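Once you scroll down, you'll see the structures, which are given as C-alpha cells.
After this come two complexes, each holding chain A, first together with chain B and then together with chain C.
This part shows the complex of A and B:
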C-alpha cells in the first residue's frame, strides 16, 4: 500500500516571549514525537481533546507550519523543503466561518480560488458550477457570502477545498456548524472522494463521525499519539464492556492517559 | 491577461470594492479632496500667496495614500485576519502575480482619485489648467501611481510578520506627507531628508508634474519619469522579497495566522 503521508518523531515547539525589561522565554510543545502514516485512498481520522495538537499537525502537513524536528512527508516530499511541489496536489478545509471573501458571492469566491490554482477560465466555470451543485449552493450562488448562514459558509469551504481535485484533502473539524443534513452531505462527499482514490485526513470531535467514516483513527493527547488502529479494532482492544462505542473507548483512553501523566508528573505515557 | 484582470477585479471587489456609489465618492473623492483643500489653504496662509498651483499638484498626488498606503498596506494583514492567507500561501500561483493582481485595480482608483482631486482643486484654487500638457500629465500620473502602489504592496508584505500595521502605515503616510516635496520643497530639506525623499515614491513625479506648470524640457521630465519607473521596479522586487522572507519566517515561527 502506497504511503502518501509519513510522519516520524514529529515535534513542533512554540516559543513565547513575555515581559519588556526582563524578557522571559517560554517553550510550549504542541506536538511531541508523533509518528504515523496514511495510505493512499484511506480516510484517516485524527482525534483528540482541544489543544491535543491536531490542528498543529494538520498545519505542518499542509505546509503552513515548519516542524521543529522529525520527518513530515506528504506524497513523498518534505513539507518544508518541497512545499511548492506539495501545495498544488493537496487542499484543506478548516471549520468555521473564516477563509472566504464575505463581500463576494459564492460563485465569485470559487472562481477566485480556481484562479489561485491556475484553472483555465473555461474549466473553472464548469468546475465551479459542479461544486456549487455538489454542496447544494447553486440556488444561492450569486448571493453575497455575508448573507449566508454558518452552515452555508461551511459548505462553501468544502467546495473551495475541492476546487483543484486534490490527491489528499486535509479537513480540520469540517462538520463544525453543519446541520445534520449538511453533515450527512459532507459524509457522502468524503465517501465519494475515497471511491475516486482521494486520501482524506480529518480531525473531528464527533466520534460517531470518525467511526462511520474512518478506515483508521489516531488518538492524540498533549501532542502525543496514544492509540492508532481501525475503529473496530480500537473498540475490541480497549473496551471494558461489550458493545462500547468509539466515544466511550476514546474517553477511557484519554482518562487513562491523563491519570498516567499525573502519576509521572505531567510527562507523556 | 484576461484572467489576470478578472482575478484582480474579483479580489478588488472582495477587499476594497465599493458597493454603493456614495460610498465610493465619499471615501475616494470627497474625503481626499477635503484633505487637499486643507493643505492648500494652510500653504496659502503660511506662504501668504494666492498662487497655489504647486500645492494643488503636490497634494493631489498625495491623495492616493488612502488607497495605496492604507488599503494596499493592510491587504495581507486583512487576509490573515480573515483566515484566507492559508489559501493564498498554499496556492501554486506565483506570489508576484498575486501581488500584482492585488495592486492593479487599486492603482486605477488611485489614478482616478488623483485626477479628480487635481481637477477639482485646480478649479477651486484657480490653477491654469489650460496651460497643462495633458498627455505628459497622464504619463506622470500613471507612473506615479504604479510606484505608489508598488510601495504600498512592499509595506503590506510586512503585515505577514507584524501585528503593528496601523502604526507602520500612519508613520509611512506622515513620512510621505513631509518628504515627497508636496508641501515642502525637497531642496529645503536637510541632507538626510533629501536622502529619504530620493527613495520615496511620488517625489520625482510630483517634481515632474510641478514642472508642467512651469518652463520645462522634455529631457527633465523623462529623467524624472525614468527614475520613478526604476524605483517602482525596485519596490516590486522588494515587495516580492519581503513576501518570500515573511512567508518562510512566519512558517518557521508559527506566526502566519497570528494576529
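This part shows the complex of A and C:
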C-alpha cells in the first residue's frame, strides 16, 4: 500500500512572549513526537479534544506551518522544503465561516481560486459550475457570499477545496455548522472522492461521523498519539462492555490517558 | 501574468466595494485639496493650484495604499483567506503584488478627484508644464509606490500587529517624501532618509513636470535615481522573499492568534 502521508516523531512548538519590559518566553508544545502514516485512497480520521494538536498537524501537512522537528512528508515530499510541489496536488477545507471573500459571489470566489490553482480558463468555468452543482449552490452562485447562511459558506468552502481535483484533501472539522442534509451531502462527497482514489484526512468531533467514514482513526491527546486503528478494531480492543460506540471508547481512552498523565506529573503516556 | 491580472481585477473590485476605501479615495482628497488650497492661497506662488492638486492627491493616494494595500494583509488574515492564498501553487509574492498594483491603480484616481475639487473651488486653469514628462512620471509613480508598498507589506507579514504599523507609517512617508512641502525644509539627517525612498524622487519628478521641464538633464538624473532606488527596493524584496516565506511558517503569522 502506497503511503501518501508520512509523519515521524513530528513536533511543533509555539513560542509565546509575555511582558513589556522584562520579556518572558514561554514555549508551548502543540504536537509532541507524533508518528503515523496514511495510505493512498484511505479516509483517515484524526480525533482528539480541543487543543490536542489536530489542527496544528493538519497545518503542517498542508505546508502552512513549519515543523519544529521530525519528519513530515506528503506524497513523498518534505512539507517545509518542497512546499510548492505539494501544493499543486493537495487542498484543504477548514470548518467555520472564514476563508471566503464575502464581498464576492460564490462563482467569483471559485473562479479566483481556480486561477490560483492554475486551471486554464476553459476548464475553470466548467469546473466551477460542476462544483457549484455538487454542493447545491448553483442557484445562488451569483449572489454575494455575505448574504449566505453559515451552511452555504461551508458548502462553498467544500467546493473551493475540490477546485484542483486534489490527490489528498485535508479537512479540519468540515461538518461544523452544516445542517444534517449538508453533512450528509459532505459524507457522500467524501465517499465519492474515495471511490475516485483520492485520500482524505479529516478531523472531527463527531464520533459517529468518524465511525461511518474512516478506514482508520488516530486519537490524539495533548499533542501525542494515544491510539491508532480501524474504528472496528478500536471498539473491539478498548471496549469495556459489549456494543460500545466509538464515542464511548474514545472517552474512555482520553480519560485513561488523562489519569495516566496526572499520575506521571503531566507527562505523556 | 494571468493570475496577476486576475488579482488586480479582484482587488479593484474588493477595494471599491468597501465603504472605508471609498471614503479614503473620495473624501480624503476633497478635504486635503480644500485645506491645502487655503494654506497655499497666500503663498505667492504663481502655479500653486497644481501643487495643491498634486499634494492633496498624493497624500490621499498614500493613505489608500497604507490602509488598503498594507491593511489587506490584516484584512485577509481576519477573513481567513490569507492562509488559503498562501497555500496555493501560485507564488504568494505575486498575489500580494497584484493586490498592491490593483490598489495603486484605483487609488491614483484620488489625484483626479483633487483636481476636480480644486477646479470646483476656484474655476481657474491648472497649468501643466510638460504633460509627456508628467505621464512618464505617473508610470514611474505606479512602479515606485507599488515597490515600497510591497516591501512594507511583505515585512509586515512577519507580524500580527499590522494595523499598528500601518497607522505609524502613513504620516512619516508624507513628511519624509515631500508630499506637503519640499524635503529641503527637513533637517539634513532626515533628508538623507528621504533620498533613499523612491517615492521622494517620484514626487520631485511630478513637480518638475508640472512646472515644465526646462532642464532635461536634471529630470533625467532624478528619473535615474528614482529607477535606481526602486530597483534597490525590488532587490531587497527579492532577497527577503525567501527568508520571510520561511519565517511566516516558523512564526505562524498567517492567522489571527
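Note that the second predicted complex is superposed on the first by the 269 of 269 C-alpha atoms of A that agree within 3 Å, B and C clash if a C-alpha of one lies under 4 Å from a C-alpha of the other, contacts with A are read in each partner's own complex, and residues count from 1 in each chain.
As a working rule, contacts are C-beta pairs under 8 Å (C-beta built on N, C-alpha and C of every residue); 3 or more make two chains touch, one makes a residue touch a chain.
Everything numeric here is computed off the predicted structure, so don't read it as measured data.
Partners chain B and chain C, brought together by superposition on chain A, clash. Once the two complexes are overlaid on the shared chain, A:62 sits against chain B and chain C alike.
In the overlay built on the shared chain, the residue A:8 is in contact with neither chain B nor chain C. By the touch criterion defined above, A:237 reaches neither chain B nor chain C. Overlap of the chain B and chain C contact sets on chain A: residues 14, 62-66, 80, 84, 87-88, 92, 94, 96, 98-104, 108, 112-113, 115-118, 121, 160.
Within the complex formed with chain B, the residues of chain A that make contact are 12, 14-15, 62-66, 80, 83-84, 87-88, 90-92, 94, 96, 98-104, 108-109, 111-113, 115-118, 120-121, 160. Chain C meets chain A in the complex at residues 2-3, 6, 10, 13-14, 17-18, 79-81, 83-90, 95, 246, 249-250, 252, 254.
Against chain A, the residues of chain B that register as touching in their complex are 2-3, 6-7, 10-11, 13-15, 17, 19, 82-84, 86-93, 98, 251-254, 256-257. Interface of chain A with chain C (complex): residues 14, 59, 62-66, 80, 84, 87-88, 92, 94, 96, 98-104, 108, 112-113, 115-118, 121, 160.
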